[in-house]
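In the two assemblies presented below, subunit A is common to both, partnered first by subunit B and then by subunit C.
Let's look at the complex of A and B:
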């Protein structure tokens, strides 16, 4: 039985048997449709060339035979297109390893695209708080970060995009300050062009900080209303009268840009949904984040999850666009045996960064290293070895965790808002100091520990 | 007599190919007619994919309102598209390019057809053809 995971290896084997003929094609797409069934998409010129047409047909027949349910019968397995780009539209497209002009085209039923990486935004810094698992104190850390940055005089915009388990806003706002609307309201009204004048009703000011400002845009308003009915529609693409469409992440991007124009924040903190989820993919990859904080507990579930994600970035050839924005945060670090806990966490984080994201750097050849031949006793390295990689112990490396300590005063809190309202600087620093320092460095603030 | 089964996809493709062939030869009247037929067949194939009930015994759509030509089927398509979870990706413009097209025009004199008329119907048929191609790539067809 051939299952989905067998498709690419079998395709590569079959194509390898026709390598010579395949090099005559300008391009070849291995199209995996929504059901995971394979078709070949080839240039239209092939249809008019009997020799090439037969050859492609033979490939299709072999694929049909070997892939079984994951292929179409040969007479329905070939599609002709004028050019490659339109045929790849709305799909995930990446080269097939080992072939120059063969691409895998994946049609996904989800709008979320983990391999579509928007360039870093050039305006206010956008920092995304992401975790592979929920319940790791991500929202609390975000609230503390907002508090800290506002104390340092920054204008902070906070977005609650954990739409499926909203709650961040209640950490930052007492009930009487909750705004009228939330992000879900805006996204639903946008579908029917009804957002005029809505922006002010989305924004509330937190009372936590007296120096800077914290503007909060929650997932829902003071009255959530028909939240579930709205939530089921927020992912809708917007279709204009000419048939063109704007997917939901582009709509969200539009909202964020409007908010930034209105509020002129220095920094935007975004609370993402946890896990390999559609909303999360938008937060992490589509919003032009400058920094993505990856909250981690030391355990297999965390690392297996991040490994799946990193491997996908590597396979789809976008690792380079993403890796410099990532930073591991050790979440809820326990009181006992901290050193051993953190060194285990760092080791595991290093393991997956090395495997998927860091460049493999071969040592220079032995002939290239040694005393200079002119007898000057100087040492030389004759080859420049370049690449993006870090030592395991490098404290500036993205795998080297910024730390948030578990603290009894935040465990099982009924009201985070009440807790943060009475917190003092020293307490915040003792729990969140490493994270706040890290974020501060990115924003050009002085260290809180100096 | 051997009765032939409807194959909307193949019919869509052959009508489109022949319409293009005739268009190039400046045979505006029959090109225009076939753009309409290609549109009807393409949309019916997509409607089937979106769940249109079909009477296999009579080899035709079960509901009378689905048995229409290009003009009417353009509107019926919207009903099925709207009710399908993949429908958002298969939108046709609201303005129906086949409003001035009718199957009975096949009896009309050729002088009633010109390039402009054929061009507007070609554009409509091409939109349907693009959706059919997209449905093939996505595995809906």
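Let's look at the complex of A and C:
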């Protein structure tokens, strides 16, 4: 039985058998529809060329035979298009490994687009807090980071995009400061062009920081209202009067831009939903994040999840666009045996970065290295091969964890508002210091430890 | 000329070469990291350090009254002391035996303890103006054994001077592990013996592997190990050393570099202020003035201040001063050639290429100390790390079908070679050349990976290659 995972390897095998003929094609798309059934899309010119047409037909027949229910019957398996771009529109599209002009076009049922990587934003730095699994202290760490940056005099904008389990705002704002609306309200009103004058009602200023400002935009307002009903509509695409379509991540991007224009923050902290989820993909890939913090516990659940994601980025050829923005954060590091815990975590993180996102550094040519021929006993290294790769021990590498320690005083989110309001800097630094230093470095702040 | 270019010239003019073959170091190159002070104290009889950390440097420097004077209050107990070499990498047959003398002496059943005491006796006799048999080492030891009373009287004779005798490069005493260990053990016993004579001190510089072995298993050895000092270089020590060398660059070059950190002059030598010797913002930002804030366009590849040290570390996380200074010198040269218009004296790409130079030097040093290492690791050329151990093993077995015994050598073999390849692997790991990961795979730090011509595994295949 051929299952979904067999599709790409079989396609590659079949095409390999026709490699020479395939080079005659300007392009070839392997279209996987919503049900996971494969068709070929080829240039229109092929239809008029009997030789090529027959050849493509043979490929289609072989695919039908080998893929079974994951392929269309050969007589319905070939589509003709004038050019490649329109055929790819609104779909995930990436090159097939080993072929120059063959692309996989994946039609997905969800809007979540983990392979569509928006260019990094040029304005205020956007930092996304993401985790593969919930309950790792991500929101608490975000709140502490916001507090720290504000204390350093920064204007900080905080967005709660953990829409399915909102809570960040309550840790940064006392109940009486909760704003009238939330992000869900704006997204729903935007569908009916009803957001004029709404922005002010979305923003509250935290009372935690003394020197700088923390602006909080929560998931919902002081009164959540019909939250479930709104939540079920937030990722609707908006169809404008001219018939054009704006997907929800573009709408969110528009909200963020409006907020930035209004508030002129130095930095934007975004609390993303956990897991390989649609909202999360928007936060991580669509908002032009400059830094994506990947919260991690040392355990299979964390690493299997990140491995799936990283492998997908590699497969869809966006590893290079994404990898520079990533940073592992060791979350809730236990009190006991920290060194062993962290070295295990670092090793696991390194393992998946190396096999998915880092460059392979080829060995230099063998003649370039060895004893000098003049017999002087000196060793010669005549060639240095470089690439985007790191030693496991490299402290500046994305896999090298920034650390957040577990601490009972921060164990419950609910208490955070109370905690931070009275907490002393030293305690925050001792728990979150490595993370705060790391974020500070990105923003050009002095280290807190010097 | 831009400021960056002028600084680059100044770096190139500074004395960054560090290897020491017994000659007296130039005064401006002397740098005492705060943590090394305890190694220079008279009660530190055993000083341990790996290759290139300064054992030979201090052996040479301590013999110079002028340089001892420069240590100032940091080493006041060294003032007025007379320093003598009891063994070193430079041949001095009148002062101490060489490899051949040791070899013959041991073949004839001699006890190294006697030979080392003979070394001390010749020194003390010469200083006291007494004549003892000195036409050969055999003669001196024979005299010691046949007339122990005369020897004891010589040692107990009241002295109006204080002395320090230094022992370095002890791996040069023999090409056989067992013998070398016996010789070192004999020396340590002789040092204990010397401790009983007031005003006379000894200091033994040992390589880490020597110190780890069983040379300390004799009665009262704990009297020596209790004050054992280690020569290691933390990041801020290396940067302190660098700046010590930089501010003493000749003429206008030194002056320009002193513009970055406030050095003070003392009898023609420039000395660093305290905050340039410790990990401070001053020290960090001083390096930033030379190399800029980042190892790339932005912070993602790290900060030059930390990057340049950590990428030269071996598998134990240690970076040698020579590697560091060589890498910086190379980076200045490379920046001048490739990026003459760059905003900083040291371009980050050039710092990366500094690894290449440091690797070259490091492998050359390793080859000198452990000739078997390049024989073994050269076989891994072209492989990628991390890899499974079996992959390495297969290469070795193909090249040396008879096992580690087949490795060609004219000096010490791998210490655990008799235990087969597993022993070799353990030696490589102990020396910091390879690392074993938790899942059992083998990795190699960049310093050696580059030097031995290995690649690094990665999921993203370089573009425009393959396919």
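We take it that the second predicted complex is superposed on the first by the 432 of 450 C-alpha atoms of A that agree within 3 Å, B and C clash if a C-alpha of one lies under 4 Å from a C-alpha of the other, contacts with A are read in each partner's own complex, and residues count from 1 in each chain.
Everything that follows uses one rule, which is that a residue touches a chain if its C-beta (ideal position, glycine included) is under 8 Å from a C-beta of that chain, and two chains touch if they have at least 3 such contacts.
Since the model is a prediction, treat every value here as computed from it, not as a measurement.
In the superposition on chain A, contact of A:394 is made with subunit C only, not with subunit B. When both complexes are overlaid on chain A, the residue A:347 reaches subunit C alone and has no touch with subunit B. Contact with subunit B, but none with subunit C, is seen for A:239 once the two complexes are overlaid on the shared chain. In the superposed pair of complexes, A:324 makes contact with subunit C only, with no contact to subunit B.
In the superposed pair of complexes, A:426 makes contact with neither subunit B nor subunit C. Measured by the number of subunit A residues touched, the leading partner among subunit B and subunit C is C.
Of all residues in subunit A, only 98, 100, 310, 314, 319-320, 324, 343-344, 347, 351, 354-364, 366, 368-371, 377-381, 384-389, 391-398, 441-442, 446, 450 touch subunit C in the complex they form.
Listed in rising order, the residues of subunit A touching subunit B in the complex are 31, 33-35, 37, 39, 41, 79, 81, 87, 90-91, 105, 107, 109, 236-237, 239, 241-243, 245. For subunit C in complex with subunit A, the touching residues are 280-281, 295, 299-303, 306-307, 310-311, 313, 317, 352-353, 355-357, 359-360, 363-364, 367-368, 374, 378, 381-384, 386, 437-439, 443, 445-446, 450-462, 465, 467.
Within the complex, the subunit B residues that touch subunit A are 86, 88-89, 91-94, 127, 133-134, 136-140.
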